[in-house]
Structures are given as C-alpha cells and as structure tokens.
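Labels A, B and C are assigned to the chains in the order they are written; within every chain, residues are numbered from 1.
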Amino acid sequence: MSARAAAWWINGALVVATALALFPLAWMLSVSFMQPGTASSLPPPLLPAHPTLGNYHELFAHAGMGRYFLNSVFIATSITLLSLACNTLAGYAFAKLRFAGREKLFGMLVGGLVIPAQVAMLPLFLLLKYVGLVNTYAGVILPGTATVFGIVGIFLVRQYARTIPDDLLEAARVDGAGEARIFLQIVLPLLKPILVTLAVLTFLTAWNDFMWPLIVLTGQQHYTLPVGLASLSREHVQDFELMMAGAVITVLPVLLLFLALQRYYLRGLLLGSVKG
Amino acid sequence: MRKISAAWWFLAPALLVLGVFFLLPVLAGLALSLTDYDLYALADLRNLRFVGLHNYWELLHRPEFWAALGHTLYFVIVGVPLSLLASLGAALLLNSPLSKARAFFRTALFAPVVTTVVAVAVIWRYLFNPKYGMVNFVLGHFGIAPVDWLGDPHWAMPMIILFAVWKNFGYNMIILLAGLQAIPQELYEAARIDGASVWRQFRHITLPSLAPILLMVGILTVSGYFQLFAEPYVITEGGPLQSTESVLYLMYDEGFKWWNMGTASAVAFLLFVLMFAVTAAMWRAGEARESLT
Amino acid sequence: MRVARAIVPALLAACTLLAACGSHPEDSRTLEFWTIGREGEAVVKLLPEFEREHPGIHVRVQQIPLTAAHEKLLTAYAGDSLPDVTQIGNTWIPEFAALHALEPLDALAAASRDVREPDYFPAVWATNRFDGALYGVPWYVDTRLLFYRVDLLRDAGFDAPPRDWAEWRRQMDAIRAHSGGKRWGALLPTNEYDQLLALALQQHEPLLRDGARYGNFRSAGFKRALAFYVDLYRRGDVPPYTNIQVSNPWEEFGRGAFVFYLSGPWNIGEFRKRLPPSQQDAWSTAPLPGPDGPGDSVAYGSSVAIPVASHDKRAAWLLIEYLSRPLVQQRFYELLGDLPPRRSVWESPALKQDPKLHAFRDQLERMQPAPPVPEWEQIVNMMQDIAARAVAGQLTIDQAAAQMDVQADTILAKRRWVLQNQAR
C-alpha cells in the first residue's frame, strides 16, 4: 500500500473513532435544547427543530440543579485542597526524609491500593452514623480525601520529589534550617508542577465520584451533581430532554477544565502509570 | 533524632485520614461480615449475633451470588480485551507518522474518560432505547432488526460493555501511546532494512516492548472492571431479569436496600479476595513471561 | 505558599462548621417534609395556606423518587437523618415501626378534631397500625385497577370491561386478533410487583403462614394467581417489557399500543394531563376482575408519619392535621388525582360525579392489605424477580413457587429468631 493510501486509511480511522467518541456528547448537547417530547420520535432527531432554553430553566428553577452544582464545586474543591495537603507532606516524607520503617510503611500503603474502596463503605457508613456525620459535607469530604486520590497521590508526589537534589536539602540543614522551613521555602516551589497536576487529577475524580456520595447523602440540599442527576433520572425517566440538560450541566465543567488543563492531567496520568 | 520526629509530623495528616477513613472501616467490615447485622440489629443491638463464617457459607450457596459473579466475570472477560484492543488500536493510529492533527484527535478520543459516569450512562440509556434510540435507527439502515438492548437479558450486558469500552479506552490509550513513543526508532529502521513486513514489526518489536506496560494496564483495567456498579445502577437497575446485576450491585442491594450489612460485607470481602487472586495471578504470569524472554 | 498553608486549616474549620450546620434545624422552625414521587410538587401548592395559619413554621419539601424511596428512608433512619415529618408507604409501616423509627400517634389522633378515625376507610386505617399502636395517618389511598381504552375495546367487540379473569382473557385475545397482532391486550411491566400482588391477594390463602414466619407461595391459591399471570405473557396478550423499556406508558396508551393498564389513581391526573382533550373520552377505569367476579385489590396508600428523631413533633402534627382536613384533601385530589382516604371527602361533587372515579370508589370497599412484616419489601421484590423469570420461560409455575418459598423462609429466618427470643 502506498504511503498516501495508508495515510488516508489511518486518518480516516481516526476520524471515525473521533466521531464515535464524541457523538454521544454532541447528541447530549443537541437534545438538551430540544422541546420536551420531541426527542422520542422516529426517526430520532439530530438537531433541535425549535431550540429552547426551557430545559435548563426547569432544572435550575425547579429541580435545584444550581444547588447541586455549588455542592459539587465546594466538595470537590475541599477534597482537592485537603488531599493536596496530606499527600504533599507524606509524599515528600517518603521521598526525602529518613526514618525507621520507611520502605516497609510505603510498601503497605501500596498494598492498600489493591483493596477496593467499596469494602470500606458499609462500616464507614455506620461509623459516620455514630459520629453524626451522615448527610453532611464532612461525611463526603473526609472519606473522599482518603479514597479519591489518597494513596496514588502520595505515590505521585514521592516519585516527583525524589528528583530533588539531596545536596540542596543538606546545605539548608547544615545552615540550621528546620524541616518545616526547608519544606515551605525550598521543596514546595520545586514541587509546583506536580501539585498542579495532582490538583487537576484529584478535582476531576472528586467531581465525578458517585457511589459514596450516593450512600452518605440522604438530604437533597447536600446532593452533588452526579447524585442529583441519578435521582432525577429515576424520577423523570421519560423526560429525555430534561435529563440531557442535566447531563450537560454535570459534564461540561469537567470537560472544560480538562480542555484547559489537559497538559497537567495527562502528565500526571503518565507519571503514575509508566514505571519510572 | 530531629529528622525522625519531623518525618512523622509530615506523615501524620495522611496516615490519620487513611487510617480512620479507610483502614479502620476495612477492618470493621471484616468484623461485620462475621455477624448477622441487619434491620433488627439496627433497631436494637441486642439482636446482633456472631455467626462466624455463616454469611460466606450462605452466599456461596446462593444462586443469586453466583449469577452476579458470572455477570461480573462476563463483563471483565469480554470488556477488558475489547477495551485494550480499542486503546491499543487508537494508540497505534495516533503514533503513526502519517497521522495528522494528533493533538486534536488525542484530546477528542480522551474526552469520554473525563465525563461523569452517571451523566453519560443517562445518555447511553436513551441512545440504546429499543424504539427511539439512535443505535437501533442506524442498525436499521444496515438492515438489522431492532435489538432490544434494554429488555433482552442477552443484550443488556453487551450494551454495558460497549459503554465501558467507550468511556475508558482513552485512558489506556494515553498510557500505551507513551509506551509506543518510548520504543527507539532504530529498531524499526533495522527491521525495515531487513525486509520485515509491518505485521512482523508489530509482532516482534512493538508487542514485546509494550509487554510490561500492557500487563500493568491490563491489571489496572481488570481491577477497575471488577468494580462494575454505576452503569447497572443508572441504566438498567440490575435488570433485565438481573442480567446486569454485578457483585457490587448485589452488595449495594443487600447493604443499603435491605440492610443485611453482615451479608453485604461478606460480598465485599469475597470480591476483594477474588480481585486479589486474579490480579496476583496476572502479575505472576507477567513476571514469568518476562523471565522467559 | 504560606497562604496555601493557611487555607487548609481554614477550610477544615469551615467544613466542620458546615457539617454542624448541616445537622441542626434553622432558626424559625423549619419543618423538613419528605415526599415520595409527584406528591411533593402538588403539596407545595397547599403549603402557603398552612404557613399563613401557623406563622413561624416554614415547611421545606424534599422529593424522593419512588424507586429509591424505601432505601432512602432506611438509610436516613440508619444515619439518624430522617426528616421532621415524612410521607411513607403504608406497606413500609410495619418495617419502620419495628425499627422504633416512628412516633406512636394514638393519643394525638384521639384528641384531634381534624383526624377522625371513623371517617376513614377501615382497611386503610388498619394498615397504619402495627403491634397495637397507630404509626401513621393515611394521606391518600391507593389501589390497583384497570385503566382501559373504551374505544379500542369497543372496536374489538366489547361494550363493557371484564368482570372476571376468564372474560378479561377473552377480551384480550379478541384485541390481539382484531388488530392483527399489532396491539397488546395489556401492559404489565415485569419489574413491578403490584400487578401480581393484586392478583395474589384475591386468593383466600395468605401469602405468609404461621404468624408470617414462613412463605406460603406453594399454596393452591397463589399458584393459581401466578399461573394466570404468567399465562397472559405466554399467550402473547401482554408484552414481556419492564418499565424501563416502556419509559413513557402514557404516550403508548394514547397511541393505542395496549388497551388495559393495571395501575393506580395518580394516573388519572397523568392521563388527563398528557393525553390530548380529544382523547379524554376514549379511556376509563374499571374495578379489577377476580377469579370468579369482581376481585379484591391491594390496600395501598401513603401515610404521613412523624419519625421519632423529628425535631419538632408538635409542628409536624399540625401539618398532619392540616393535610387531613376534608377541604384540603379535596384540593389535593384536584391537584394530583390522589384519592382521599376519608369517606366524607368522597361525597363532594368533584369526586362523586367524576365518571372515571366510580371504579375506584367501588374498589376501595374490596381491598386486602399486604402481610405486615418488616421484611415485606424484600419478600415482594424477590417474588417479582422469580415471577419475571417464570414469565421468561426459565421456570415452571411449581418451580417458581417453590423457589419463592425457599427464599421467603431464608429472609424470615431472623424474624423467627427474634420472635422466639421475645417469647422467652
């Protein structure tokens, strides 16, 4: 096959693959602007005949989507910040601070990666119940910090922190600086790239988290977008257009965030997965 | 001395959070699975009984558990290779020197990964609606009779598998792409000079170089697919005829619908044991192969 | 970076603060009211008058979807986050009463001017009692009967709806034949248990035996009901669809995809809303046919109950009293089509003269409650799962009944132990 024909095949295949990948999302956007009832007809319409913002209005005015959106933002941001704090400190410690049992402890942490989070969910629920944290923001944020990007986050920071030259830290220690000062003034600025990556990864994962918020959030006022959407989809199973609008609201922020910050996201993916 | 104590201060937040919100519940879950904690125990703790391994015994004798396990294995055994094939295919396409607008395609193919499962599951349900869905409409153009995706027990799980592949293939694609780009070009040059065909180059250079990454990606995907839950919950509610009821869906039903927490914990632990066994076996097989080459 | 370090503890503080805020009631006596399904949308319109009568009480309504309501309520109970007052299906009252989750209302009801027991349909009032105490006040009554297309039935050659099973089967066969196989006789979603349950309750044998300690699905009566049910699918009169596949039954009913629809009173309002005015005379309701004549149906309904964990039981009771007033119930009916549980409200012209309601008024005198055990929800779901497999041809009637009994016995094992323990 000539190089030209091969190029056509390859790019053609890419176009087809892209079309398949993006079509559901494009259709979702299109249907969200359709008049209620028009999407369930034969042949299925591709574009709205009379585009309307009515579905979005309905969601924000009557279905409380605005509240869910704010909840999602608050919870995802909180998990990201808390997670960053914990993981940066621990990751640096595992990389650069010497202490007894360091490798063993890290090994155990990596072992914990094998345990699926669902095993913890039932007793965690009971635990939170006895402490009174069911149906609260803290009930989602604190466990989220542990499970959304807990162990992998520590792993990522450690990988990156290892590249910090030891002499830099030793020199500072010789000068009499405490570990806290070294961390804040020398290490953190050097870790900035990985921190941004980790922040993006954690935020996106926390935003999309579904099973735990579904379990622990019993009151509508605390629902995140995925939970609110799942609840709406069971109630309004016949309102295609409304559900698609809800899906757009849930997906669009993360999609936009990803498009803006994909460089960091993809780098973090690779850092964690390809063995250094 | 100072260095050691400082380290523990650094570790404290992470260890505290992980310990309280992960390790502790996991251990408690193990304990819970040895009791018959249920609604009656919820009302009055005196109704709690220690039953040893009875929950496990009862589960292993329950046809519903084996059915859920079967569905999950079906999902894993068919879904993982399909997903990996799609990822590898896309990565190869992107890696080809003849491909254009690589950054655009890469972003577009990755987009489904970033989306929320719940939202796209809702979309999927409408796309696969037997009467008004786009999929059956398109199939109709090729002369294929409408498939009852939501109602036929034989087609519901394939629909969910397609969903999982569509949603996740971009993730592994990126990793495999990085792996492909790490293969030195000289190897291909030498092979071309030797007159090797594209297929032989693939078999003898690409695949072996990718083997460790493929293994790791495979293990991660298998581990993820065992945890099938959101899709059946949103799209099919476990049906039709429980044909999309996965192990975790069973756990959710038992634990949060019927409040048989003892049984549900046992389900979770059985799943964990199974996942561990399978991924450990895959890991060992991979190591064995590597030591052979 | 120092700023970043300061943000974290600040956020932690904010989190705990919000967490604390999340679990305490707000200042001016906000009453948290959970509703299930569409009732929330309708009741919101009735609340302004209540709040005018009781300034200082603000009612906040939260809607839970029906398919998730049971687990949401249970999870809320387990997580100590039940609302101040809640709608609750009357088949779940035994469960929540056994959990000591609901406040007994006998004293309040006896002293009330608005809640007068003799005015209520006795079968429905009885479903709110468990172990000798009253745990809920009926809000609306619910049962299952036939909705049908009068015009399509007439086309197939029948002027009146069926009175017994044999006639029903005959009519559905004729509908199939007349439409050349294009029209279904009835829609009975295979993942809904109400339809089979209604048929099963028409039999003389109870569904659970021995003080509700064991399953009784192998009885001749239940097998007869199950056989009739499964047979309808096997003959092709009913499509083996779930309610997920037919997500818009109203449209399908309007398009004439099927003639009979076994459903409940909320669909009166739904059909009135979703079908065009020209079609409003084309449909009607009829009592459920039984094996040998007009049969019984399920004594469903929703009650309003006060969780033990309620923050403001006095205000909750005021709301219950308000919702129980005949005039308010009448307005509620006009909003949604939910049937009032009080006989006096049925005498009002709106209800008495509505032709579509006659069948319901008739059926309300022939209702049977589901067995009052806490495990009932789990048992009836199991029953339908197995019945659906029989419909799909995977099990014979005898096999299905045997499996139901085995499962029911397992589910009830703990109950047997608890009862035994209590007896000592």
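The working rule: contacts are C-beta pairs under 8 Å (C-beta built on N, C-alpha and C of every residue); 3 or more make two chains touch, one makes a residue touch a chain.
What you see is a predicted model, and the numbers here were worked out from it, not measured in a lab.
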item	value
Selected pair, greater C-beta contact count between A-C and A-B	A-B
Greatest separation from chain A - chain, by CA centre	C
Intercentroid distance (Cα basis), chain C paired with chain B, Å	37
Chain A-chain B separation of Cα centroids, rounded to whole Å	17
Whole-Å gap between the CA centroids of chain A and chain C	38
Where chain B touches two or more other chains, by residue	125, 129, 256
Residues of chain C engaged with two or more neighbouring chains	67, 75, 78, 244, 247
Residues of chain A whose C-beta touches two or more other chains	40, 82, 85, 126, 142, 215
Sites on chain B touched by chain A in the complex	2-4, 6-11, 13-15, 17-18, 20-26, 28-29, 31-32, 90, 93-94, 96, 98-100, 105, 107-112, 114-120, 122-127, 129, 131-134, 137, 166, 170-171, 174-175, 178-179, 182, 212-213, 216-217, 220, 223, 226-227, 229-230, 233-234, 248, 251-252, 255-256, 261, 264-265, 268-269, 271-272, 275-276, 279
Complex contacts: residues of chain A adjacent to chain C	40, 78, 81-82, 85, 125-126, 128-129, 132-139, 141-142, 184-185, 188-189, 215-216, 218-222, 231-232, 234-235, 237-238
Interface residues, chain C side, partner chain A - complex	1-2, 5, 7-8, 11-12, 15-16, 18-19, 22-23, 32, 37, 62-68, 72, 75-76, 78-81, 244, 247-248, 250-251
In the complex with chain B, residue positions of chain C that touch it	67, 70-71, 74-75, 77-78, 95, 98-101, 190-191, 240-242, 244-245, 247, 374-375, 377-378, 385, 388-389, 392, 394, 410, 414-415, 417-418, 421
Contacting residues of chain B [partner chain C, same complex]	36, 38-40, 42-44, 47, 49, 58, 125, 129-130, 148, 150-151, 153, 236-237, 239-242, 256-259
